[in-house]
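You will see chain A twice below: alongside chain B first, and alongside chain C after that.
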Partner chain A sequence: MNPSLKLALLVLIALEISFTHVWTVNVALIVVSLILMVWGHVTFKRLAMLTLIPAFFGAALVWSLTLRGTASNHFLLVIFTRMVAYVYMGGWFAQTTNPLTLTRSLEQNAKLPSKFAYGFLAAFNLMPKIQAEVATIKAAALMRGQVLHFWSPQLYFKVILAAMNWSDQLAAAMTSHGFVEDAPRTHATEIPLVTRDWIMLVGSLVLVQIGLFVGLP
Partner chain B sequence: MKRWHIRDIILVTILAIFMGVIFWVITPLYSALTAVFAPMGLQPLANEILLGVWTMAGPLAGFVIRIPGAATLGELLGAVVEMFLGGIWGAGTLISGVVQGFGSELGFMATRYRHYNWVTLTLSALTTTLVTFAWSLAREGYIAYHLGFLLLLFAVRFASVFVFGGILTKLITNLLDRAHVLKH
Partner chain C sequence: MVTVSIHNLTFTYPQQSRPVLNAVNASFPAGQFSLITGVSGGGKSTLLKLIAGLLPTDAPGITFNDRSLTEVPATQRSKTVAMLFQEPSTQFTMDTVANELQFALENQQVPADEIPERLTAALDFIGITALRDRKLMHLSGGEQQKVALAIIVAMDSAVILLDEPFASIDPTTRLVLLQRLAQLSRERGKTVILADHDLSGYTDYVDRLTVLADGHLTHLSPEATQERLATFAPAKLRLQHVTVPADNQEALIQGTQLSLTANGRTLVTPQNLGLFAHHTTLITGPNGSGKSTLFRSLVKLGHYQGVITYDGTDINRLKRRPYARQVALMFQSAATQFLNVTVDEELTLSLKNSYADHFTPAMVTQLLTELNLADRREQIIYTLSSGQQKKLQLLCMLIMAPDVLLLDEPFKGLDYASLQTVIQILKRVQQDLDLTYILVSHQLSGLDTFIDYHLQLSDQHLTYQGVRA
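And then the complex of A and B:
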């Protein structure tokens, strides 16, 4: 499925089940996401994590709502299945979507301005460097006997200086390689958006509406 | 009003990734807090105590970059980073990211992107708390809590958002100001 439409579908369904109280639909979404994840060769370890963690947090929330609130059993069931459904749908999306393809699709199909698409990509490619930089900053401080925690302003100060430096350099590098903001571009890789994608989007949404409003528990 | 240029876009993204990497270390803390609070039925408190940390990218990006949308974008990109780093909450964090970012953004919007001081950050902390709390009422079923407990949750959430998004952000920007790297 086209990544932009896939994202739209996911966000729309997640928003909708946040405000509706039909646990059977949540369970149906969980089952469908599970099938899609198995189909997409998501590893067993990942599936186990995607199940255990929301089950733990969901159970804790349900327990808390029971002790400190006035929730009915139906409400508790809705909240629990909702949390698992979120995680499963999110897991399906994150595990079966390539960030590069998603960004290309957002640029070509969803008309995201190319400066955003390429700006995000440029920064995301620095990920390993960014991780190394945090470790370096912490180690450098340790050498002076200073321990930097996540609540230390100095840590963020140094990180922001590095971010400013790198963004200047990357932006200059892109400009010097001929990147012009808002100029028309051609694409090395075209992301197809075909009728089948639209049918899947609309079909899934219709199915969810039927499930939500036909009077299921 | 300032527009987005490629440098700002890269800056806000790198900033979001940095925050994502730094915050990665508190995930075990969150699980531990939940495990401690859960038996007493206080699980949401774990969430409230740490919420200020998750929402900090918004006010920080808004304060440093000073372009409309910076807070929202900073927070949303933080969520994207978390999603692709292998965060369990996956795409659900995208919606939370927008909600949290928009909450912070309202604070900057209220001062029309002209004033960057204590008042702005306090306002931003307040709007973040209000918006995210409304979201929790619906999504996490907070609506079913007794009023007293709900007020406690709200107070803890505001305190957390204020400490991280307000006080810590102000301390960081003070340092940046002294280094003359913030544009006025």
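And then the complex of A and C:
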């Protein structure tokens, strides 16, 4: 499916289930996302993480609400399934979408200004460097007798300084590679946006509407 | 064919009083390979960035065939001028080599059907077709620089600027890049302008040398250029006092079947290596040969194969915190090591966390005076010059007084007087606290009486130099 439409579909469904209380639809979304993730060869370890983390936080939330004793069982069920549905849908999107294809699609199909699209991509590709920098900063601080934890403000101060430096270098390099903000570009890789994508978007939305309408008390 | 002319160019950074470039006049003819040299911090990078249009300036004065860059449509500027940067890894937007080339060509609005052909031709020219679908972040610095040059070739830029492009790459890659650059200038009429402070190995490639000193540019005649390049010898190491450690000498840090690789490139083949306590060991070797990687391995920051022991214990079994107290690294980039904002705060932190009771605030004041930093205690670290940062970093690490101090290019950016002071201080502290120093340095003058052992890294092997004790 076209990445931009995929993203739009997820955002719309997420908004809808935020304002409705139909747990059957949430469960249906969980099942569909799970099937799509298995279909998309997401590893078992990833799936386990995607299940355990929302299950833990969902359970904690349900437990604390039960203690207060005002929420109905139906509400608790909705809250819990909604949380898992969010994570599963997000997981399906993140695990089956290539960032470069998404960027190209946002630029070509959704007409997002190219400076956002490619700025995001450059930052994304810098992630491994940021991780290495965090390790270096921690080690360098340790050698000054200072232990930096992931919550230490000093760590973030240093990382932000490094990132600011890189962002200047990156901006210069993008300019040097001919990138001009908001100037037209050619596209050697076209991201197709075909009728099938629209049918899938509209079809999925209609199904969710039907589910919500039928399931409403 | 584009000639770059500079008329009466003066440039001052905001909030600085002295201009970096002062009424510069120069001309870089098309089809020539020009080399700009000068001390580090002398304005070479600034000049290149100004030519590339990467620094905002109101001053006209740089023209390409009598046209200024602002007259060229923004999307076509990369056809006029492109730059290759010193830091290899932060010059790419995309994930893979092919995607980055495609990105650059799309920016130039090259028709979609011509892009694959130009992409392939550029990779062929540099000889990196095999890297086509590799991830940029997984390439070595040298390979990244080759990709950066391939992009410039694909973009067909008339003027090619290079800012110290060989600072962190190995000699073989450097030679390949130099050959391609010479070919680009001679066969394709490109204007190549390269800035470097190290003049070794340029004799066969460079047409003209330009010297940037005190904000002024001077072109040398072809004869003077050849003479200057021929007589430039990389600083020769004259160490009279180094010895090879005796075979039965107990090593403090012992590497067994130690080998180092970086991004798939072998740096050191398996060997045994001992490093000795209470002495000063100097490690030398070409750029990118693995000296910094060795240091990172010794402080558990890098990957290595084999075993490294400290005082008989495998360092993998030592906890980071206590180990950092024993073996500490003074990083090459000074800013990495600072945690606070002002000079005083930084020194207070080191005094508070120091492992030795040796240093007192009075002593620190005395040391600051010797290092010419006494009047800068309230200053923000990041506004100090690189040499001043280096001195402060050294002082902070010395106050910490770890048993073994690894120093990665501790003399970078220091003038000769500062260098002498720093060496004196290092010697004094070593005597007082019985420290072990292991250093990597390209700066070799004045080190003779300081160094006990000299390890040379060449052909992927570390060997002790000097006479047998």
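Note that in this section the second predicted complex is superposed on the first by the 209 of 217 C-alpha atoms of A that agree within 3 Å, B and C clash if a C-alpha of one lies under 4 Å from a C-alpha of the other, contacts with A are read in each partner's own complex, and residues count from 1 in each chain.
We adopt the following convention: a residue touches a chain if its C-beta (ideal position, glycine included) is under 8 Å from a C-beta of that chain, and two chains touch if they have at least 3 such contacts.
Keep in mind that what you see is a predicted model, and the values were worked out from it rather than measured.
Q: Consider chain A as the common anchor and indicate whether chain B and chain C clash or fit when overlaid.
A: On the shared chain A, the partners fit.
Q: Is A:Q154 touching anything from chain B or chain C once the two structures are fitted on A? First, second, both or neither.
A: Once the two structures are laid over each other on A, A:Q154 reaches both partners.
Q: Output check: A:T136 vs chain B and chain C. Expected answer is one of first, second, both, neither. What do you get?
A: Only chain C is touched by A:T136; chain B is not.
Q: Regarding the shared-chain residue A:W166, is it in contact with chain B (first), chain C (second), both, or neither?
A: The answer is both, since A:W166 touches chain B and chain C.
Q: Between chain B (first) and chain C (second), which does A:A122 come into contact with in this model arrangement: first, second, both, or neither?
A: Once the two structures are laid over each other on A, A:A122 reaches both partners.
Q: Quick check on the superposed pair: does A:Q146 touch chain B, chain C, both, or neither? Answer first, second, both or neither.
A: It touches chain C, and chain B stays clear.
Q: Does chain C touch more residues of chain A than chain B does, or is it the other way round?
A: B
Q: If we overlay the two complexes on their shared chain A, which of chain B and chain C does A:A183 touch? Say first, second, both or neither.
A: second
Q: Could you tell me if A:M174 is touching chain B, chain C, both of them or neither one (first, second, both, neither)?
A: Touch partners of A:M174: chain B and chain C.
Q: After superposing the two complexes, find the smallest distance in angstrom between C-alpha atoms of chain B and C-alpha atoms of chain C.
A: Chain B and chain C, overlaid via chain A, are at closest 5 Å apart by C-alpha.
Q: Enumerate the residues of chain A that count as touching chain B in its complex and touching chain C in the other.
A: Residues 99, 118, 122, 126, 154, 161, 166, 170, 174-175, 179, which sit in both footprints.
Q: Residues of chain C touching chain A in their complex?
A: Against chain A, the touching part of chain C is residues 49, 52-54, 74-75, 77-79, 82-83, 85, 87, 89-95, 99-100, 102-112, 115-116, 136-137, 151, 155, 299-301, 320-321, 324-325, 328-329, 331, 335-337, 339, 349-350, 352-355, 382, 396-397, 400, 402.
Q: Mind listing the chain B positions that touch chain A in their complex?
A: 4-11, 13-15, 17-18, 21-23, 25-26, 34, 37-44, 53, 60, 64, 77, 83-84, 86, 88-95, 138-141, 144-146, 149, 164, 168, 171-172, 174-176, 179, 181
Q: Which positions of chain A touch chain B when the two form their complex?
A: Touch residues, chain A against chain B: 7, 10-11, 14-15, 18-19, 49-50, 53-54, 56-57, 59-61, 63-71, 75-76, 78-79, 82, 86-87, 89-91, 93-94, 99, 115-116, 118-120, 122-124, 126-127, 130-131, 133-134, 150-151, 153-157, 159-164, 166-168, 170-171, 174-175, 179, 181.
Q: Quick one: in the complex, what on chain A touches chain C?
A: Answer in residue numbers: 99-100, 118, 121-122, 125-126, 128-129, 135-137, 139-147, 154, 158, 161, 166, 169-170, 172-180, 183-190.
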